[in-house]
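Note that chain A is present in both complexes that follow, paired respectively with chain B and with chain C.
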Partner chain A sequence: MEAAKHENIKLVTNTEVIGVDGEAGHFTVTLRRNPWYVDIERCNGCGACVDVCPIVVPHEWDMNLKPRKAIYAMFAQAAPLKYVIDRERCVECGLCMQACGLDAIDLSQEPYEERLEVGAIVVATGGQVFDPSAIPRYGYGRQENVVTNMEFERICNAAGPTEGELVRPDGKHIRSVAFVQCVGSRDVNHNPWCSFFCCMAAVKGGRLVMEHAPGAEVLVFYNDLRACGKGFEELYRRSVEEGMRFIRSIPTVYENRTRNDPIIVYEDPETGRIERKEVDLVVLACGLQPSPAGRSLRGLLGLPRDGYGFIREAHPVDGLCETPREGVFIAGVCQGPKDIPDCVTHGSAAAAKVGIILSGKGTESCSDA
Partner chain B sequence: MIKATGSGLEREIEARCGERVRLCFQCGKCSTGCLFTPAMDLLPHQAMKLVQLGQEERLLSSRTIWICASCVTCTARCPNDIDVAGVIDALRQMALEKGVRPAERNVPLFHSCFLGNIRATGRISEPVLMGAYKALSGDLFSDIGLAVEMLRKGKIKLVPSLVRGRREIRRIFSESGGKGAVGKG
Partner chain C sequence: MEENARAEESLPEIAEAGPEPETEESEEELRIGVYVCHCGLNIAQVVDCAAVAEYAATLPDVVVARENMYSCADPGQIQIKEDIAAYGLNRVVVAACSVKMHGPTFMNVCQEAGLNPYLMMMANIREHCSWVHRDAPEGATRKAMEQVKMAVAKVRHAHALHDRYVPVKRAALVIGGGMAGMQAALDMADAGYPVFLVEREPFLGGRAAQLLRTFDHMERMSCLVSPLAMKVLNHPLIRVFTLTEVESISGYVGNFQVRLARRPRYVGESCDACGACAEACPVAVPDPFQVGMAERKAIYLPHPQAAPYLYCVDEEACTRCGACAEACPRSAVDLGMEGGEETVEVGAVVLAVGAQPYRPPEENPWSYDGKSDVFTSLEMERMLHPLGPTGGKPLRRSDGRLPESLAFIQCVGSRDPEGNAWCSRICCMNTIKQALILKALYPSVRIYVYHRDIRAYKKDHEDLYRLARDQGVIFLRAPVREVVPGEGGLVIHAYDEVMRRPVRQEVDMVVLATGMVRQDGVQRLQDMLKVPSSADGFLMEAHPKLRPLETAITGVMLAGSCQFPKDLGDCLLQGSAAAAKCLGILGKEEMRLDAIIAHVNPEKCNGCLVCVKRCPFSAIVTEEAEVEGKKRKRARVIEASCKGCGICAARCKQKAIEARGFSDPEIFSQIDAALEEDPGGKVLALVCHW
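Up next, the complex of A and B:
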């Protein structure tokens, strides 16, 4: 939001990069500007159109846990906060046009190409969350009350489908949650790497549950708990003291024949035996992996991939933002799994390297410096 | 890849079945998938830990190595691609070779009756197998009701049949000779 207001920052949204030519200092980027079907210069984000639109579909942003209209804003903090029409769903009834006092709706918009002259490029395409239906023993997709960490984020969010109330998909208030760690990660059959953020994201999620629903039971089923970094080990210990239970056993999730409460099968650390436990909600700590959108942009820019499909950095220690293509930099999860602080650091470093290019000094000088 | 530089037992297991138990990081996925744990004295991942620690005696005298049904659920789940069922099989072979008294006496007995039957006729005959097993185990009447029912429904043939390739079968036995349960059968 703040970035969008900065005088030196121009946001080009709803746009695909379809070509990149030139070299450091003088790139020509070809863009495909996709239509909003709303004139975003006119739209002031009042939302009158949304109220009248008759088409209701599941909202992707809320992991399909909440509906949206065919004309919608992706989420309340979207930048710019303007409305867009999903033309695949829109039935062209025209009600939004009548409702809009600013005459901003324009169903005749077409995609068009645009060229941008830029001195440097930073790729920050992120990654994608592992799809847990690839591992049937966790019950995802077959059991309503087994959700991904991404879905859980929405359940906890004050602006989410439950307005922050801890309610599971079938409507019951949540009194016990089992977090299952390393889903798809650290597994040679899926993603062999550690996804880095998910242990601490579970600790954070567990704390949210304890705050929202005092007395609720929070169980974290983990492999090794990775709480590296400033303050994280302390947060983990404090959580243990405050009653969060950490159980070192990656469980199987059985379906409950009589109730909607998933059954966790795990090794009880106290008895050393396999035990079963019913919980209200299971949250799967799905890891991060390279995304198809990131892959196509990587291909377009001719950047190399590492053994896993993330973009390969120029050097694992002193070339973490650079790529073999001078003037093209990388930041965030597109280079490998990270948490937000590390992404921000990475992004800031990339911006500094861009500054060197734009000042006309080239990348050589930065390694000499 | 992590090198298997651990206990002597780890190296012996690797030599026998190629599996590197050193890779096990104790996630417990094998154990939470195994359907036979209620009858086991060591959970599969505990057995892997004991291999890493070189606790041969505890393993070879455990009930787990005989209770394991080789269903390979554990193997399919292991995130480090360890053939857990194969490791347990290697432990069974070691127990037989070293003459460790099986904690579940009847399981190896059943295996050897089964293989003895195959060796003789090339095909399992339920009455022969059950007769031999029951005589040796002393457990004569436990499923007699079931046997009567199976006979009535024609599920059990009373006269054993032979297969043609009996000579080949005997050759398989003699070539694999002396290894594990088969050799002693």
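Up next, the complex of A and C:
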């Protein structure tokens, strides 16, 4: 919202970068502006088109847990709040065109190219969440009530598919949850790195469950609980005191087919015995990994990758937001997994480096050359 | 008080925007619009928004009342603007979330529609209603109605206010010459702004200068510290003040006035660090740079890459014998040198005062006394350093031997609910780093790490952890109960959580992975700037997630470990990031300041000056005024320093102070509205602005 309103920021959404030429201070960036099939100057986000659209498809924003129409806005607080038509699903029935009082629907739009002249570039393409169906032991994809951490976020969200009701995909209210950490992370067979944010996300998620459903049982299966940010350890400890159970064990998830309940089988580290525990929901803490968008932009900009496929920083200590290409900076998860404060800091740091270039007074680059 | 008065004299003129408050509109007919936001389901699933809007329409002078899915989204905003034009609204009430969240959004909407933004009030029916009354939708709906009624009552008495603009001093102050502070200074200077960098020690580099390697990629610290210090020292736009502390700071964003007090170095710029002085000096004292494990002279250079590369006299240790001055071939030593004061003016301040390692108390369960073979991680780091007290060898204090076995104990002074509750973040990786260095130097040494969780938190860290295990470092998840002297070694008593049994192990050497705690002497700075600490003692950021770089005081930023323990990479990033935040201020000719401030009516003020004492922002000064031919003391608000907290207005017995935007008629009408019905059944709290 703040970014969209800022007089010095122009949001160019629904757009891909397809070419970058030039050098620090003088880049020419070629954009492909993909069609909205809606004149976004005219569209005021009223949503009349959505009501009449007959096509219903799963909504990727809600991790496919909720339907959307073929004409849709990503979410209700999206910036800009404009509607877009999914042409692959649209049957061109024209109902939206009749409904739109502003005559904003335009199915004839074509993608077009646009050039931007800029002095510096910040790549902040984020990451992608690990797909847990690659690890059969956790039952994801086979069991309805095993969800990823991202799906769980949507379940908890008031604007999500369950309108904030804590119900699992089959509709039952959640009274017990098992969080399984390090799914695909710290695993030499998948992603060897630690995704860092997932430990505290589980603590947060567990607290949400305990707040929504007092008396609910929350189990967290973990390797090392990495609560190492400001206030994190304190929150972790408070959660333990309030009854959240942290079990240092890697479980396997079976299913009670009659009740649709996941069954967690694990070694109890306190007794050494194998235990079974039936829960309402299993949340898999899927880690972050490099995204295809980051990969293609990396290729376009000629940036190197690190050993894992993230964009490699110019220096692991004093060049974390710089890249080997002068004038091109990186921020956030495209460089490696991070939590929100670390992303904000990374973004601001990249902004400082850009500020130096745009000021036209950068002495560093001259003297270092 | 006097200081403030003095500071005030040189403050720039504030652009006054017309007479305030305007009075003429009391004549005007009130036309109020009320907007009730669903906030998706945040509000609507508890509060009956349609009923609230219907109720609002019945309130006096309300000419339109509507509900919106999201008042903050474009359709909601457009609706308000259209209504302002169509209905000629001159007051707007938005019943939605906290004014902190979307106050600026709706103020902007009014502004764009030609309505003074201070004629908009918000009723917080989300945080203050729907979120806290989930289980009582009917009661919540009634409460939301009354909140709207209160806001409507208040907005009737609102006055148009005008934001103030102050010119910005386009220079910055960085307090702390460690890595974060130096990076912040360098980035701002590179962007073209003058920077004053203040360091209380004689040398730049801070804690990092003492360390051997980073754990990220095992970079050599000296290859990072020294080049940065050189860039800072040689930058034409950076003025470095070593041996200097901030004596006082007054002012506000865009216009801070800083008095610096500099202690003498007793060595002039002509010093070429030949070292003849130190050879001649007869006084030897424990060297803090070597964590007291070696001695240095009273005139010294802490290490061969010190920046600035000038010797310095340790004032406390020096006996003024003059041997150094005699020995100096360049006559650089001047024991009569005096310190000085200097005042600088800046628009923004970066606090980069660092943190310090936890020191175990005298009574401690690890038998640490600085004499036995129990070391802290900083002591180990110095021993591993080729220029350290042992020439790079980890030698036992008891017999000077290399250890055959060594144990690291994690979380010393961290993660302790009875003591330092926080996790110091960096100690796990620091231990892994030191273990890897030890393994590289002495492959046969047996290394054990007693830990509670290994917190390897960045993308490369897991690989280092794996590498340490591959190299034979043994990690035991075993909280340590105590370390006691054994026969020729140290005996560790712990409980192995994996094997589920107590363990007793004798090793030759123990290293305590000590955490980090707040820096000494920071309180004075915090008091001057009114920057609060968090519960853990580190400096508090404006928002833990979204504003980790700013403090509650506009124009004062945080960088490095003073905010929370950080590794070097994160310190440098935060230094750059804090610089970006400062650039946002320095890049402007003038700053906009909020119009919600206090105003003293000199006619009513009787000069009791309670307000001057009570103001937490030093924003009220005393003035002489002529009253009925006699000189009297009167209070006056420095508008630019005032944060609009209203404490003065509440304290003033003469009712001479008005908190604009929160005047008595506004507050009392709100109270009357709240208590009109069923006053006995309510608790009404008027708390903060937000």
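Assume the second predicted complex is superposed on the first by the 359 of 369 C-alpha atoms of A that agree within 3 Å, B and C clash if a C-alpha of one lies under 4 Å from a C-alpha of the other, contacts with A are read in each partner's own complex, and residues count from 1 in each chain.
Everything that follows uses one rule, which is that contacts are C-beta pairs under 8 Å (C-beta built on N, C-alpha and C of every residue); 3 or more make two chains touch, one makes a residue touch a chain.
Nothing here was measured: the structure is a model prediction, and the numbers come from that model.
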| item | value |
| --- | --- |
| Partner chain in contact with A:V265 - chain B first, chain C second, else both or neither | first |
| Chain B versus chain C as contact partner of A:I274, first or second or both or neither | first |
| Chain B versus chain C as contact partner of A:D103, first or second or both or neither | neither |
| Partner contacting more residues of chain A (chain B vs chain C) | C |
| First, second, both or neither for A:C182, with chain B first and chain C second | first |
| First, second, both or neither for A:S348, with chain B first and chain C second | second |
| Partner chain in contact with A:D224 - chain B first, chain C second, else both or neither | both |
| Touched partner set for A:R137, first chain B, second chain C, both or neither | first |
| Touched partner set for A:D318, first chain B, second chain C, both or neither | second |
| Which superposed partner A:I250 touches (first chain B, second chain C, both, neither) | first |
| Set intersection of chain A contacts, chain C complex versus chain B complex | 186, 224, 248, 272 |
| Parts of chain A lying in touch with chain C, wherever the complex brings them together | 1, 5, 44-47, 76-77, 80-81, 158-159, 163-164, 186, 192-194, 196, 224-234, 237, 248, 269-272, 306-308, 310, 316-318, 320-321, 335-337, 340-342, 344-349, 351-353, 355-356, 359-364 |
| Chain C - residues contacting chain A, complex | 40-42, 45, 69-70, 72-75, 78, 105, 108, 183, 186-188, 190-192, 214, 216-217, 219, 224, 228, 231, 235-236, 414-415, 417, 421-425, 428, 453-463, 466, 477, 497-498, 500, 534-536, 538, 541, 544-549, 563-564, 568-570, 572-581, 583, 587 |
| Touching residues on chain A, where the partner in the complex is chain B | 137, 182, 186-190, 223-224, 248-252, 265-267, 272-274 |
| Residue numbers on chain B that touch chain A, as the complex places them | 25-29, 31-34, 37-38, 43, 45-46, 77, 79-81 |
